[in-house]
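After this come two complexes, each holding chain A, first together with chain B and then together with chain C.
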Partner chain A sequence: MRVFRLKRWVMQNVGFATALLLLFVLLITYNMMHPRGFSSAVAIQNSNEAVAIIFVAMAQTLPVLLGGLDLSVGAIMTLTNCIASEVVNGSPAQMLFGAVLTLLSGSAFGLLNGCIVVYGRIQPIIATLATGAVAIGLALAVRPKPGGNVDDDLSWALTNSVYDLADTYGFADGGDAWWIRPFADIPVPILIVAIVALVVWLPFKRSVTGRTVYAIGSAEGAAYMSGLPINRAKITAFTLGGFLAACGGLYLAIQTSSGNADIQQAGAYTLNSIAAVVLGGTSLLGGSGGAIGSLVGAMILRVISFFFRILDIDPLLQPLIEGFVLLTAVSVGAFRTLRVKNKLDLFR
Partner chain B sequence: MKTVLKMATAVAALAFSAHAAFAGPEVVSGPGADPACFAPWSKETKYFKWDAKPGPYKVAVVNGFVGNTWRIQMIKTAKAYAEDPSVKDKIGEFKVVSTGTDAPAQLGAIEDFINQGYDAIVTIAVSPEGFDRVIRLADKNNVVVVPFDNVLDTDKVMQINEDQLEMGRTWATFLLNELKAAGKTSGKILEVRGLPGNSVDRDRSIGIHEVLDASGGSWEVVQVVGNWDDGTAQKVTADAIAVHGHFDAIAAQGGTTGVVQAMLDANHPMVPISGESENGYRKLVAEHSADGLKGISIGQSPGLVAIAMKAAISALEGNTMPQLISVPLPVADYTTLKDGVNYWTDLPDNFFTVNEFPPCGVNISGPAIMSQTEADVK
Partner chain C sequence: MSDASLVEPIVEYRGVSKFFSGIRALEKVDFACRPGTIHAILGENGAGKSTLMKIMAGVLKPDAGDVRVSGDAVQFPTPQSACDAGIVCMFQELSLVPDLSVADNICISDPPRRFGLIDRRQQVRRAEELLARVRCEDVDPNSLVRELSLSRRQMVEIAKALGRDPKVLILDEATSALTSRDVQTVYDLLAELKAQGVASLFISHRMHEVDALCDTLSVFRNGQHIETFAKGTKSERDIVRLMIGRDVETQFPEKPLVSSASDAGEAILEVSGLKWGRRLNGIDLTVRRGEIVGLGGLDGQGQKELLLALFGVLRDVDGSVRIGDRKGIPASPAAAKSAVTRMALVPEDRKTEGLMLGMSIADNLLSSSYAQISSGPFIDPTKARDAVAEGIAKLQIKVGAPDDAVMTLSGGNQQKVVIAKWLMIDPDIILLNDPTRGIDVGTKQEIYKLMRDLANEGKAILFYSSDYAELIGCCDRVSVLYGGRVVSEQVGDAITEESLVSASLNIDTEGA
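The block that comes next holds the complex of A and B.
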C-alpha cells in the first residue's frame, strides 16, 4: 500500500522527484571525492554558498507558477542586501528591527510589482524589467560604494554550525549541553532555509490564495469563472516573492557583513533563479511545481560548480562544461514528453 | 567503515579547530624577504610572518569575472607560472576556478579550498568588502589568502597591486615633459577615464590631476568616460575632438588603441599621449611617433597573478612579507618600444603586452602564452 502511494507521488511529481534524485547523486559523489567529504565544515560551506540563490529561486517560483517571469528578483535581493548593510547592527533589538525592516522593504517592493501587474495590467516580465532597474537604482542610492558593517558576531554565528551559534551567544553551555549535541553539527543556514520553507511556503501553498496561484497558472479563465480571488492571489504571490528575495538579500548581507549594489550580480541571480526553477520541476507555463523544487534546483545549480574545485578541468573550459551539464539536467526533466499517451498532453 | 573513520576524523578535526585559538600571521617588523620584488607599499606598511610549512604546497587561484582578454591572459599566465622551473617543485597541486561576478560563489570557492586543505589561495576579489568570514577561517587554518588586482579594503591579509596613483602621476609627468620639450606650458588636455565608480579609475585620475595642478601651468582638462574599452574610448574621443577641435595632449587610462584610432580618423595632429599597455596602442605609437605621437605606455599586468603566487609561496616558507605589496610599474615609451620585445606587430591589438617582471623572476612573456595552444601550457 505504501509502495503504491510512493509510486503515485513520484508519478505526480516527476520533475521534482528527478531533481531530488539528481541532487542526491551529485552531492554524494561530490562528498566522496572531497578530501573532507561528509564533514560538517563541507556542509557549512556548501549551504552558505547556496542560501542566497535558494531564496531568490524560491522567490522566482511564485511568478512562474502564475505563468509569468519576475526579472526583478535579483535586483530586490541586491536592494535588500544594501538596506540590510545599513540597518542590521547595534544592539540585538536594533539588529532584529533592522532585519524586519529589510524583509518588509523587500515585501513592499514585491507588493509594488504585484499592484503594477494587477492594476496596471502590464505583463509581469515587462513590469518587473522596469521595477528591477528601479530597485538597482535605489540600491545604488543607498550604497554607492560597497561596504557597511553588519554585526560580526551575528555574521559568524549564522554562517556556521549550531555549535558555533551557541558558542558565540553563550547559550546551552556554549554549545556543550547534552540536548544540543544531536544538532550541534547542523549548519545554521540549512535551518534558516528549512524554517522559511516550513513556516512561510507550505502554509501559503495550502491556503486558498496559494491554491488560486496554481489555478491561475493552469487556466486563468477557469479560475476566474470559479470565483477564485484572482487579484488577491497575484498580489500576494508577488509580495511573497519580494519577501523571499529579501530573505536572500538579508542573508547575503549577514554572510558578507556588507552590502554591494552589484548590477552584474543582480542580473546573474535573476537568470540563475529561472534556471533553478526549471531544474526544480516547475513548469514555465505555470500551474505546476513549487518552491521546494526550486530550492532543490538551486542546490543542483550550485553543486555542479562545486565539481570544478575537486576535478582537474581546464579553467577556460569550465563555463562550457557547466552549460552542457545544465542542458543535460534540464533535458532530463523533459523526458515526460517521451511518455505522453496523447500529443495534446504536450500543450499542457 | 572507511567512511565512518573519515567522518570521525573530520568531526574530531572540526571539534579541535573550533577550540583552537585564533592563528593567522604574526605582525612583525620589516624588512621583508626579497624587497626588490616584494616592495612594501609605503613606510607605514606592516609586515606579516606565517609559521613555515613544509612544501610542496597546494595552491588555488579563485578568479571572479572571466571573459575579457586580460582575465584570459591572467589565467594562462597562472597556469604557465605553476609549471615554471623556479616554483614547479614547490607546488604540489594547482587549481584555477572562475566563479563569475557572484560574491557567495567566490567566498564559497575560497572556503571550499580551505576545507580541502589548500595552503594558499590567490584571488581577484569581486567586491572590496565581505571577506571577513573567509579571512577568519583562513587564519584559523593557517591558509594564506592573497588578493591582487581588485584588492580588499582590509589590512588583515597580504595583498598585491600596482600603485594606480603613481601610474597617473607618471603619465602626467611624461606628458608635461613632452609638452615642455615642444615649448608648451599651457593648453588643453583630453582625459579619457575608465569605469566610473571604480577605485582604479579614481586613483589614476587623482594622480594625473595632482601632477597637472602642481606644474603651475594653466591646463584645461576635458574629461570623457571611455570605460577602458576600445570601442567606447574611440567614440568618446571622436566626439571630444569634434566638439573641441584640438588638444595639446591626451591622457587616456585604457582603450588607448581606440583613442589613437579616433585621432587618426579625425585627422587630429599627432600629440603626446599616455595610455595602457595594449599591443595595438604600442603598434600605433611605434608607427606614428616620428609624426608626433609621442606615447608612454604603462599597464596593469596580468602577470600580477604570478607575483601573487610567488608571494604566497614565500609566505608559506616562513619569510617575512609586507602586508601590502607594490609591484613596480612596467613603463615603456616611444623611445624604448621595440618590435618583438615589448610589442608585437604580428599579434592582435587587444592583448596586454606587459606580462613579465624580471625583478621577481617572472619571465613569462604575454605572446609566448597567448600564441600557444591550451595543450602547450599544461
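The block that comes next holds the complex of A and C.
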C-alpha cells in the first residue's frame, strides 16, 4: 500500500520528483568535488546566496498557478530591498517594525497587482510589466544610490549558523545549551526559508482560496460553475506573491547590509524565477505544481552556478552552459504532448 | 399525476424569454416542476433545453419573465447562489477541475475544515461515502480527475452533486458516457431521491432511459414549451411528432433527379471500420463525386470526430480510409489540403478554428491557399488580389474593404469567408461541420445553393448538420450516427424528419 502511494505521488508529481532528484544529485556531486565539501561553512555560503531567488521563485509560482506570469516579482524584491535598507535598524522593536513594514509594503504592491488584474481585466503579464517599472521607480526614489544602514548584529546573526544566532543574541547559553547542539550547524537562511514554506505556503495551499487558485489555473470555467470565489483567489494569489517577493527583498537587505535599486538585477531575478518555477514542475499553463517545487527549482539554478567556481570554467561560457542545462531540464515537461490524441487539444 | 399536480411546484417559470444577439433561445416559457418527480425535458438540438437549465442554475439571466423557487421570485446572479437555494446542476460539459483530486472536486465548494484549513482526511472520508452511494468504490479519492475515464468522471460528477444536498437536481445528458451498470446505479439513486421529495430534471436523448425513469415529460421546440404530460399518455411516435412540429419549410435547391447509386460518380472517399478512442466505434461510409452526403444524429454521436479524423487532426485512428487513389488518413490538415485529392474542412467553431478574427478579410481568405498564389517563397500580390476579389465575388460576401478585420463582418458573412477560403484550394472533397449554425436564413439558403453547385461540379461533400430540415433539403444520402456508429442510411425520398429523428434516438417508430 505504501509503495503504491509513493508510486502514485511520483506519477502525479513527475516534474517535482525529477527536480528533487536532480537537486539531490547536483548537491552531492558539488560537495564531493568541493575541497571543503559537506561542511557547515559551504552550506552557509551557498544557502545565503540562494535565499533571495528562492523567495522570488516562490512568489512567481502563484501567478503561474493561475495561468499567468508576474513580471514584477524581481522589481518588488528590489523595492522592498531598498525600503528595508532604510528602516531595518535601531532598537530591536524598531527593527521588527521595519521588517514588518517591508513585508507589508511588498504585500500591498502585490494587492495592487491583483486588483489591476481582476478589476482592470488586464492580462497579468502586461499589467505586471507596467507595475514592475513603477516598483523600480519607487525603489530609485527611496534609494537613489546603493547603500543603507542595516543593523550589523542582525545581519551577522541571520546569515550564519544557528550557533552564531544564539551566540549573537545570547540565548540558549550562547549556543552551547544541550538542546540546541543538534541544530547548531544548520544555516539560519535555510531555517527562514523552511519556516516561511511551512507557515505561509502549506496552509495557503490547504485553504479554500488556495484550492481555488489551482482550480482557476486548471479549468476556470469549472471553477466558476462550482461556485468558487474566483476574484478573491486571484487577488490573494498576487498579494501572497508580493509578500514572498518582499521576504526575498528583506533578506537581501539583511544579507548585504544595504539596498540597491538595480534594474538589471530586478530583471534577472524575474526571468530566473520563471525558470525556477518551470524547473520545479509547475506548469506554465497553470493548475499544477507548487511553491515547494519552485524552491527546489531555484536551488537547482543556484547549484549549477556554484559548479562554475570549482570547475574552473571560462566565465564567458557560463551563460551558454546554463542555457543548455535549463533547456534540457524543461524538455522533460514536453513529453506530455506526445500523448495527446486530438491535435486540436494542443492549441487549447 | 393527479396527486403530483396538487403539490406546489418547487421551480416555476412564468413567461421567461431569453435572446442571444437577437436570436430567440426561449420565448415566453411557462414551466413548472414539482418535488418528488423525475421530469424529462425533450426536444431537438437547439430547442432551448440547455438555456432553460442554465437559467435555473444561475448561469444565464432571463431577458423577460420570472423564475420562482418554492413560490418566491428569484434572480440567481451566480451558480453559487442557485446552489445555495438547493438547485444543483450537472452540465453536459463536465464541471470538474482536471488537475485536482477526486476528493478535492467532490468537496470543492464547501470542503470540511479544521482550524480554517481543509481537512484532507475528513475530505477523503466524505468523498468515499459519496462514491459508495454511487457504487464507485473502485474510484480512488486521491487520484486526479484527469486520470479517470469519461464514465468515471461522470460518476464523480454525480457524487459531487449528491454531496450538495439538492432539492432540484438537473442532469443534462449526465448518462451519455456511462456503462449500463452505472446507468442502473443512477436509476436507483434517482428513485431514492424521488422518494425523498427531490425534483430531478432529466435531459437525455435516449428514449428508453426516459421511458424507464421519468414520470413527467415536457417537450420543447424552437424555444417554446409545447406540452407537459404524464408518462404513458402518449406513444413514442406522438412524442417524436411533438418534437418535430410543423415548421415553415425553408427553400432548398432542387436535387438532381438521379440519386440511385449506380448513376452517381466514382467513389472518392471510402471509410470502413474507422475507430478512435471511445468516440468512433467503427464507421463505414462512402462518398461519391457529385454527391452530398449528410451526417445525421444527435449532437455528440461522433460526427465531429469523424470529420476531424478524416482531416488528419486526430491521432491513433484505426480503420481503413481511401481518399481518391491514396490509402490512409492524411497526417495533418496541411497534408490533407495539399494531397493529390485535396480535402477541405469547414470547422465547427468559426471563431477559433475557422478564422483569425483580428486579421483582415483578405488575409483570412488567402490563409489556406498560399501554395496557389505564391511565386517561389513570396506571395504574388497580383495573384493574391485577384484571388481575394474572386472569392468575395463568388460567395457574394458583403464587405466594406478586403482589408477590414474579419470580425467586423456579420456571422453569415464570416462563415462565407471560411467557405471561400477553402474553395480557393479547389478541393475535391469538402467536409462541412455544421456550417449554417448561428447564421441568418438568407445566408443559409445561399450556402445550400453553393453546396449543390459544387456537387454538380463533381465535388464530393460530407455535411454534418444538427438541423434535420437541412439534411432533408440538401442531402442525396444521410448516414445517421449513434454512439460512434452509422446506425441507419437513408437515400433520396426516404429521408424524412420522422425517420431521421427515430434513427437518431435509435428507436424504431414503425414498431411502436
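The rule is simple: the second predicted complex is superposed on the first by the 332 of 348 C-alpha atoms of A that agree within 3 Å, B and C clash if a C-alpha of one lies under 4 Å from a C-alpha of the other, contacts with A are read in each partner's own complex, and residues count from 1 in each chain.
As a working rule, a contact is a pair of C-beta atoms (placed from the backbone, for glycine too) under 8 Å apart; a residue touches a chain by one contact, two chains touch by 3 or more.
The structure presented is a predicted model; accordingly, all values stated were derived computationally and were not measured.
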{"item": "Touching partner for A:Gln318 - first (chain B), second (chain C), both, neither", "value": "first"}
{"item": "Which of chain B and chain C A:Ser288 touches, first, second, both or neither", "value": "second"}
{"item": "First (chain B), second (chain C), both or neither touched by A:Thr80", "value": "neither"}
{"item": "First (chain B), second (chain C), both or neither touched by A:Leu252", "value": "first"}
{"item": "Partner chain in contact with A:Phe308 - chain B first, chain C second, else both or neither", "value": "first"}
{"item": "Of chain B and chain C, the chain that contacts the larger number of chain A residues", "value": "B"}
{"item": "Chain B versus chain C as contact partner of A:Tyr214, first or second or both or neither", "value": "second"}
{"item": "On chain A, positions contacted by chain B and by chain C", "value": "none"}
{"item": "Footprint of chain C on chain A - complex, ascending", "value": "8, 12, 203, 206-208, 211, 214-215, 217-219, 221-228, 287-288, 340-344"}
{"item": "Interface residues, chain C side, partner chain A - complex", "value": "59, 78-80, 83, 91, 93-100, 104, 108-109, 111, 113, 116-118, 120, 142-144, 276-277, 308, 313-316, 332, 353"}
{"item": "Chain A residues touching chain B - in the complex, by the definition given at the top", "value": "34-42, 45-46, 48-53, 144-148, 152, 155-156, 159, 163-164, 167, 185, 252, 255-258, 260, 262, 264-265, 268-269, 302, 305-306, 308-310, 312, 314-316, 318-319"}
{"item": "Complex contacts: residues of chain B adjacent to chain A", "value": "3, 6-7, 10-11, 13-14, 18, 60-61, 63, 65-66, 72, 75-76, 79, 95-105, 107-109, 111-113, 115-117, 126-133, 136, 153, 197, 374"}
